[in-house]
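Chain naming follows the written order as A, B, C and D, and within any one chain the residues start at number 1.
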Amino acid sequence: MPVILPGQFVQVLVHNSPSTFLRRPFSIHFVDYARNTLKLLVQVKGEGTRHMGMLAPGDTLNLVYPLGNSFSVPASHKVLLVGGGAGVAPLMFMGDFLNQKSIRPDFLVGFRSADEVSQVEEYSKYGKVYLSTDDGSMGEKGFVTQNPVFNQSPLPYDRIYCCGPDAMMHAVANIAAEKGVACEVSLENYMACGYGVCLCCITQTDKGNERVCIEGPVFDAARLKWQSNG
Amino acid sequence: MPVILPGQFVQVLVHNSPSTFLRRPFSIHFVDYARNTLKLLVQVKGEGTRHMGMLAPGDTLNLVYPLGNSFSVPASHKVLLVGGGAGVAPLMFMGDFLNQKSIRPDFLVGFRSADEVSQVEEYSKYGKVYLSTDDGSMGEKGFVTQNPVFNQSPLPYDRIYCCGPDAMMHAVANIAAEKGVACEVSLENYMACGYGVCLCCITQTDKGNERVCIEGPVFDAARLKWQSNG
Amino acid sequence: MADLNINIAGMQFKNPVTTASGCFGYGEEFRDFYDLGLLGGIFVKAVTGSNRDGNKYPRMAETPSGMLNSVGLQNKGVDHFCEFIYPRLREFNTQIIVNVSGSTIEEYVKVAERINELEGIPAIELNISCPNVKEGGMAFGVVPSTATEVTRAVRDVYKKVLMVKLSPNVTSITEMAKAVVDGGADVLTLINTLLGMAINAETQRPVISTITGGLSGPAIKPVALRMVWQVFKAVKIPIVGLGGIMNATDAIEFMLAGASVIQVGTANFIDPMVAPKIVEGINEYLDRHNIASAREIIGALKVC
Amino acid sequence: MADLNINIAGMQFKNPVTTASGCFGYGEEFRDFYDLGLLGGIFVKAVTGSNRDGNKYPRMAETPSGMLNSVGLQNKGVDHFCEFIYPRLREFNTQIIVNVSGSTIEEYVKVAERINELEGIPAIELNISCPNVKEGGMAFGVVPSTATEVTRAVRDVYKKVLMVKLSPNVTSITEMAKAVVDGGADVLTLINTLLGMAINAETQRPVISTITGGLSGPAIKPVALRMVWQVFKAVKIPIVGLGGIMNATDAIEFMLAGASVIQVGTANFIDPMVAPKIVEGINEYLDRHNIASAREIIGALKVC
């Protein structure tokens, strides 16, 4: 396997799904170089992911990877990783990566309800875990942005890394900005190619239209003009 | 299962094959009412049949059936069933059907070479089997039309039922006409619907353009104007 | 249960789902599959002035998410239609619309006059867009002035609802739409097939006998939706929309773009039960979105 | 090994396989995947007179066997191209053709004049067919007289090979082809995207920000093949063919229909290695059919 950094993604060719024409992008969830394995965490959304869910052990998958940039390496040890829904995917890899740099991050993960919650014990291997569910069926009730973690003033973090639904990332970025903490978000725009040639995946930043698949998916939240996404 | 007659066919919806848009027609190879089973004999030709070949026991298949007309019930016991390649499919069902009417037909089956030959013992349950292979690796060498069966004069049959490649059926029909034996052929035209509404599958007969899926697939060979097929 | 009734040009459809001409025979073939009374209407196969054998075999080629056909208006002519087919159609408890085709204005007029006499046929669909006949057909549907002319000639003799089916093989579909509105059309049907071609690389020959043919199926849905939307904004008369509709979601997209009624064409070949399933699916959609009537989604696309 | 060389309008292509404008960036992105010297040529992304931000996000919708895009000619303008991109392109061991776009005749002329000065760029491809910009773009490509006019204006200032890329959104592609031949085009490229639309039934909104966009991919292949064939019979200048080419078989179909060179567009998104695979596949096809040179199959469709 090539060198892969947390935040990077793969483009998956979904076989045998008549209505899935383009590849589908997924964050790299975990890389184990020793075992030569790469993990994806895939939430079934439509036909493409439904067909991926039908794959059996031993099936092969055609990937283009690693694509995109990656989360920055933090200068301090005070790091919070925030994820929501399927957006938690890259956090595991980032947690492992930070541990190897002797950083134990805090995790704040949000799900809709208890039955969607997964891998909390896994995260706790890499750092302390805070949990929110929209319906309060597990952890704190409400969105991650309502988690008491964010009530602390000043926030005990020098950097927040965030991935999840657009609205959630935007809200987290706003809190981070208010509290003066640097924040990086990983965007999930619609992509056609994934390697910078179609110009479909753009987001508006302080430099104009940038390609999420090449200049991103990870952006310094302060550089984004959120209104352009969707 | 509904009542099904030999010569009728099914329209198969091929799942999970992105390049297979329309259904695929296949002759009904065998029906076992007692066990509630219906058999198809499918030769892999392109993507649709390739995906059908990947089906596993227990998978479900969406069929529209029974479609088309059927072979006539012969008035005499002197019957020859001629098939070539995947065109042999309906002969097994016809053999069983004739046996139930106390008729033991002769079979003449042709294949490209020995390794394509299949089910000869099965056919012999229903009647005497003559075999041809193009390369002579099994049975008589040459096309079915070159089989010594056809050297007999007069032919010891009152009716020939034939299915296989167009050129083969045409040649058999010519021999039958020469020798004054009634001959029915089962055509395999390209079909869109399979139930008579698109008018794509036509063949020219003495009545003008007829639909192979409704007025056929079985036709009295004497009624066909072969030049129209292909 | 939402209200699925649609009224266009004074015609009542019990739901917006109808079947497209050439893809549903004369309806009878589908009686084995379901009660035709479940449908809003049936557009029967093209009827011409006299018998037509249609084009040579092969008439069909499968293409990515679609198919080409070159049937070429095979039918036994209007006399045969009136005598043998019409009486059987009357039994169906749904709206029956006859697709009228021809090679000359006189032929269109002749067929329309004959159909005008038939009780229980509330409308014709003038097919000025068939790409599969040498003269006439599409030729009328790609030049605004001739489209106006043929529509007007038929309008003069045809007293019931006049629908005109447009060809997508034009630079400006709105110009064509306005041309047939000028000619007196009550309703517009769009779209007919796109002119396409398929080649067998191994034999180095065209796949269908006419070399080019009409492309239908999901492949053309984006083009069809665009044309329905453009025409919806450009003219005031109701639209019957079609082109690649395979399920209720597709049907709803066409209605949002501006279609009052939709037709299901090629999809009937893939699933003979598809049309009543679409009726069901539209109902579910409306209920799920708390929309009381199918009429509310016609042209309701939110674009700001 | 068959002879894959193709010579059109005095330009030498080492094989008929090139990549389509807007689907291959400036080539550099593909250097990680393979040696660009394997290709016959590269048509780089549209260059306009000055910087364009392109359209708003979302710019893409997946459709059956295809996609819609509304990128809208995002690029940094011809000055930036000449200063920063051109020097890097010169390193590639393949033909580099620049896709020239604009909103006015003056803009096309300005860009063409600048590109004319660049050594090692043997041709431009005049894009009078982009459906994704408000003014100009496709407007030039759907009216014969304006197509002639813009072609002639560019012809006057551009001294190398002038290719003109046609829009399929027209009633008569042969009329458009003849119009740009009259204007002085050396080569025709066809086709650009079909104008289409996608709707999200759940949100009741268009999927892309511009409502309508350009349809590409296998869905449009039958239309593209038909247009290449029609134009091949109607004009004498060479054709660069594209529209839905996914593999060598598709490429051969376009050559049989009359294309001398083919472009691979959307397929690059599905398989970044597809273009060199197509070169390989064409070679295998020719060998298997005992055809000595790729030139022999151009327009070789057997139609009798």
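Observations
The definition used in the following text is that a residue touches a chain if its C-beta (ideal position, glycine included) is under 8 Å from a C-beta of that chain, and two chains touch if they have at least 3 such contacts.
Since the model is a prediction, treat every value here as computed from it, not as a measurement.
In terms of the stated touch criterion, the partners common to chain B and chain D are A, C, listed by label. With chains reduced to the mean position of their C-alpha atoms, the one farthest from chain D is B. As a whole-number value, the distance joining the C-alpha centres of chain B and chain C reads 36 Å.
Here the CA centre of chain A is 47 Å from the CA centre of chain C. Between chain C and chain D, the centres computed from C-alpha atoms are 34 Å apart. In chain D, the residues that touch at least two other chains are 63-66, 217.
Residue positions 18, 20 of chain A are each in touch with at least two other chains. Taken as a graph of touching chains, this assembly forms a single closed ring in which every chain touches exactly two others. The set of touching chain pairs reads A-B, A-D, B-C, C-D, using the touch definition from the header.
In the complex of the two chains, the chain A residues touching chain B come out as 16-18, 20, 51. Contact residues on chain D toward chain C in their complex (touch as defined above): 63-66, 68, 142-143, 169-171, 194-199, 201, 203-206, 211-212, 215, 217-223, 225-226, 229, 244, 249, 252-253, 256-257, 285, 297, 300-303. Within the complex, the chain B residues that touch chain C are 13, 19-23, 64, 189-204, 208-209, 214, 228-230. Residues 22-25, 29-30, 45, 53-54, 56-60, 62-67, 69, 71, 74, 217, 266, 268-272 of chain C are the ones touching chain B in the complex.
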